[in-house]
């Protein structure tokens, strides 16, 4: 049963909607951005009605994503402060990668890796936004000297590559770490899962805190 | 042009002065860049403004507007003082050795014979001293104190480099540099060409500026030479042709002239024009005047012109004075003109002092406009706010506006500056109901003739008897008209040297004006055009561009008047013995039995060298005139006179006579002249490369390239006046104001003139209140109503204005 | 949960598949093509530039092949390379001549402006010619001077003037001169002076 | 469907070679600034031939007009008044596409075939393939392409590819009254330019020279300058133009590296999954919460 009340509520419906809006726009951005980056991906433009539509909608997807991601990051900002425990957690990554979680330090609702990812995403999103505006030829590029546009083109491509990499990692983690997807798909997780991966959060929830 | 466009490539030194060929004639100007690239020519621009011509010049020389005679007079002085003249040429081919009548005098700015009340000269002393044989006296040694060379030396000795610099504001070192370049062409194998346009003609001393250049060329031996001459770059596509056809108050076709009212005797009329030789053995070609005149009258009046009625001599109107366009608008202004026709002419934009013009046009009873475009003149009665502030309800003039075709919609010929008559063809029908000019003239004429036939009226004879044998009377074809002006035999013509031989059968087209007769057996509408349409067909449509000599003489292309000759006076390109001065420019030569060569000889072909006949065959004395006799209104030698509006208020050469004492000026207009106190800046009007007169403001491409009216000022003046580039400025003269965008440039530099700093204000002319470019003010709101003494051309190039930020 | 994971993979597979299909079906556009040469079969007419007196040679290209049912309209003008002076070149004015022919300010019909009126009215050619001739005749008959004060035959008409064109053909100029002189007009001039 | 009408050296947004076996004559347009009178005939002829008409603007206190290249003005004259040791010089440069041998626009363009370089050297925009991203503007070392607001396509001088394709010279070269613009094979034009430089040197322009920048492997529109040592005085002609380093990184090395890195990441994840298996909830925890299953 997906919404077994015994399960723990990890993400509210609006949090999930927010995440998936961000996720979908991100995918669309990747699919519209990559063809403008490398001819290898150019056929992807056919998914969007051709190169011209791809060029037109990409920045608007971008705006949508930035808004959506902005709300999400604002919402989760306090849950994503790195604590000494998180840095401690980061030191055990290798064990985690090998599937050995026995010695992992406790983590709260988000572990150190998630927090770091969050911070990197904020950083690169900001870069993408700023550079994206500069290279948005229809409305903004003419406001900037050409060297700024050129720099922005490089920054945008680089930031996009990094962020795609980060998101690929994020997706893989969601797949690799079984049942993680349920949290974002249905909102609730099994207590066993919570205790294993986010024990501090688990205790907090069980003890009646939120 | 004495020469022609392509010939410029043969020059060694090219001077653009009183013109701006790069902007006004860019495609002709290519022969300047060709001369530079392929003939190592030195190219000099002398102009108040660093023009687009100057952009590619080797040397740019500034001078104050209206001081060209001072400058060129200085050049003459330099050439004489440094002995840099082509002595052999000057001796043989100019009147330098001729002795001038005793009594001729020049003193303090006036020549002998001036009548202050009439503002004109009694020119009787401006003549050669004649011998008992009726011929002019000469002194081959040129030492006689009254020989032309000595008088010339004396006259221009005042034009020292210091005086030139003082009057023109030209730095002395630059002036001397220019003189140095000019002087190199006194060598027989080097030539200089002058290219000028309205920058010379549009002055009260315009004709004399041109004459000064001609004198320089004669002294250097450059007239008649390939790459030499004095070359007028005419402004409009067929203004040469229209002038050739004599569409002027006092002219008839082919530079014949109308009789004055004192010339009511036909014989005397002819005798006064058929000049007898002034030296032995001269051709004095105008002796043939009667042949040309009779043929014209036969062409116009056909069988009605008979020997008995002196070929309808009485039918020609007789002049009491010249009714040039300034005179016409003066009459209009006085309410003495009732009707006016403007055929492809926009006088409201083209004649000075717009306020006076509006006043005149408003007093007309009827105005007929024939034009392809909606001109300002046709709309003079329309209220266009600040650009044309009039009240239509108060203007009682009836206006007709008749649409004519443009070039693309008709067949016909145009004569370019090099006298080439070139035929063109219709490519498309005209828009709407537009008609060719000839059909419009026919339409008006046929109605008028009908009215006179039906009703009678004042002296209907010429109107009723004019020849009108066109196949379609209301639509005379260009081909018929061309054949008519070329001329034909009205009877079988016998060979004058071989009597029974018939050279032309009755009805045949003539080959040359040499076939014209004074007995009524030939007709010819314009003698200099004879040869344009012969029995061989339309010579103007010929398209073989071969140039066998490499001198740019393409005798099989179109037809060049006179007699298909490309370089006028080309006999002067050979020395008296018949050898070309420069073996590399073999225009013509004596081959032992006749004159031949790359060009058609401008000479009697069988007169051998050594004969007395001089190369200037139109002149009774056969030589070029350094001393102009009585041919110019203000003196036989050009003298520097200030513009009527001068920024220095004096004439440094003779303060008592400041400006041209014989210029065309009306009493009422004197009150409209400003002084430097209120109008301290020297203004000059001109064209820019992107536009053609007032036409191209109606065309999109030209309007894109230069969309809005502007004036040009130097950085120094701009700073003084607090004007920045792009500011709107107001420029005003005593006659009105304009507002335009300021272009601030390094290309106008203040000049030091007679102890005073003179700034120029440049006023391009192309905008008005009709068109698709941004509306603007007609530049002639500013210009003064005063004209040249000989041509009555208005002084658009030198006047005074003030300027401030609007 | 296993199902969910499988579903997820399916989604991924479909996504990749779709894009691959798109790639395969990527339409092969022309490699490159220039604009078709627009003069390929236009009609050519030789003419002369009507602006300055260099008189550059023109080749005018018009729509249609001059067949009876094809109405020619000039759509392009370029220099005549055979012309000895211009050799195919044209200045900015000449290069834009096609816009002169098609200027929105070309006059198309005879028009008349009555005294005091604020507007033009369209009239026929016949009306125009008739009225103009009547005005001319009335003025000429009233003001013609057959003899001057000295009694000499001068036969002149000074109250109407005529300004002739500067760009009309020699043929138009010739007939204009002929007509104007036959009436005795002396206030006759052209643009040579200005 | 249009046909391939010229042989192609390069094609934008394409990683594979274009059909380029046939080698046509390499053409070039030479602009001799020392002969230019700034009459704008080239601007007029360009608009006339290409059926573009810019808007009728205003005067900005200079003779330049239109003030800059636009989607309708593919060439403009740029006027600069410069005081040199020779006195005042009015240097008038016809600006427009240089048709680089190594075109930055083409390098930057992501749309396959929107920019092509024919083997005759002409760099041509194919507006039907253009997606309007404006990357060519970012890539151009001379600031030439202009994006139309009306159709979001970029436009620039085609070197009259339609005329050259049928064996004619470009409209501007034909019309140039003074012969400041000449057209022919690059080799002939280079020879002509050398003659012009010699003439200029003989007239005292000691630093006259040819502007055919090596940074873009030379251009098919090139200049003769009176002062080749200071191209900047000709209304900012770049001294040593080349494709910007940024653009080279962006559309050069970065493209494969980034694609490869991402692919590597994807493969890494996959193999990690296969080798290490998924991270599942431990047996102990499952036991503790058995009721959940």
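Per-chain residue numbering starts at 1, and chain names A, B, C and D are given in the order in which the chains are listed.
Convention: a residue touches a chain if its C-beta (ideal position, glycine included) is under 8 Å from a C-beta of that chain, and two chains touch if they have at least 3 such contacts.
Values in this document were obtained by computation on a predicted structure and should not be read as measured data.
By C-beta pair count, the most extensively touching chains are B-C. The most central chain, judged by the distance from its Cα centroid to the centroid of all protein Cα atoms shown, is C. Averaging C-alpha coordinates per chain places the centre of chain B 28 Å away from that of chain C. Between the CA-based centres of chain C and chain D the separation comes to 36 Å, rounded to the whole angstrom.
Between the CA-based centres of chain A and chain D the separation comes to 38 Å, rounded to the whole angstrom.
One finds 65 Å separating the Cα centroids of chain A and chain C. Counting partners per residue, chain A has 42, 175, 178-179 as the residues that reach two or more other chains.
Residues of chain B in contact with at least two other chains: 26-27, 30, 689-690, 700-702, 705, 772. For chain C, residues touching at least two other chains, in rising order: 89-96, 99.
Within the complex, the chain D residues that touch chain C are 1-6, 8, 11, 18-19, 39-41, 43-45, 47-49, 112-113, 116, 118, 124, 126, 128-129, 158, 161-163, 165-166, 171, 174-177, 179.
Across the interface of their complex, chain D is touched by residues 4, 6-7, 35-40, 42, 45, 50-52, 54-56, 96-99, 101, 135, 137-138, 141, 146-147, 149-151, 153-154, 157-158, 161, 164-165, 168-169, 172, 175-179, 190-193, 195-196 of chain A.
The touching residues of chain D, counted against chain B in their complex, run 34-41, 43-44, 47-48, 53-63, 65-66, 73, 81, 83, 87-90, 92, 177-180, 196, 199, 202-203. Of all the residues in chain B, the ones that touch chain D in their complex are 22-23, 26-27, 29-30, 32-34, 36-37, 40, 50, 52-56, 58, 60, 688-690, 700-710, 724-727, 741-747, 772-774. The touching residues of chain C, when paired with chain D in their complex, are 29-38, 76-79, 81, 88-96, 98-99.
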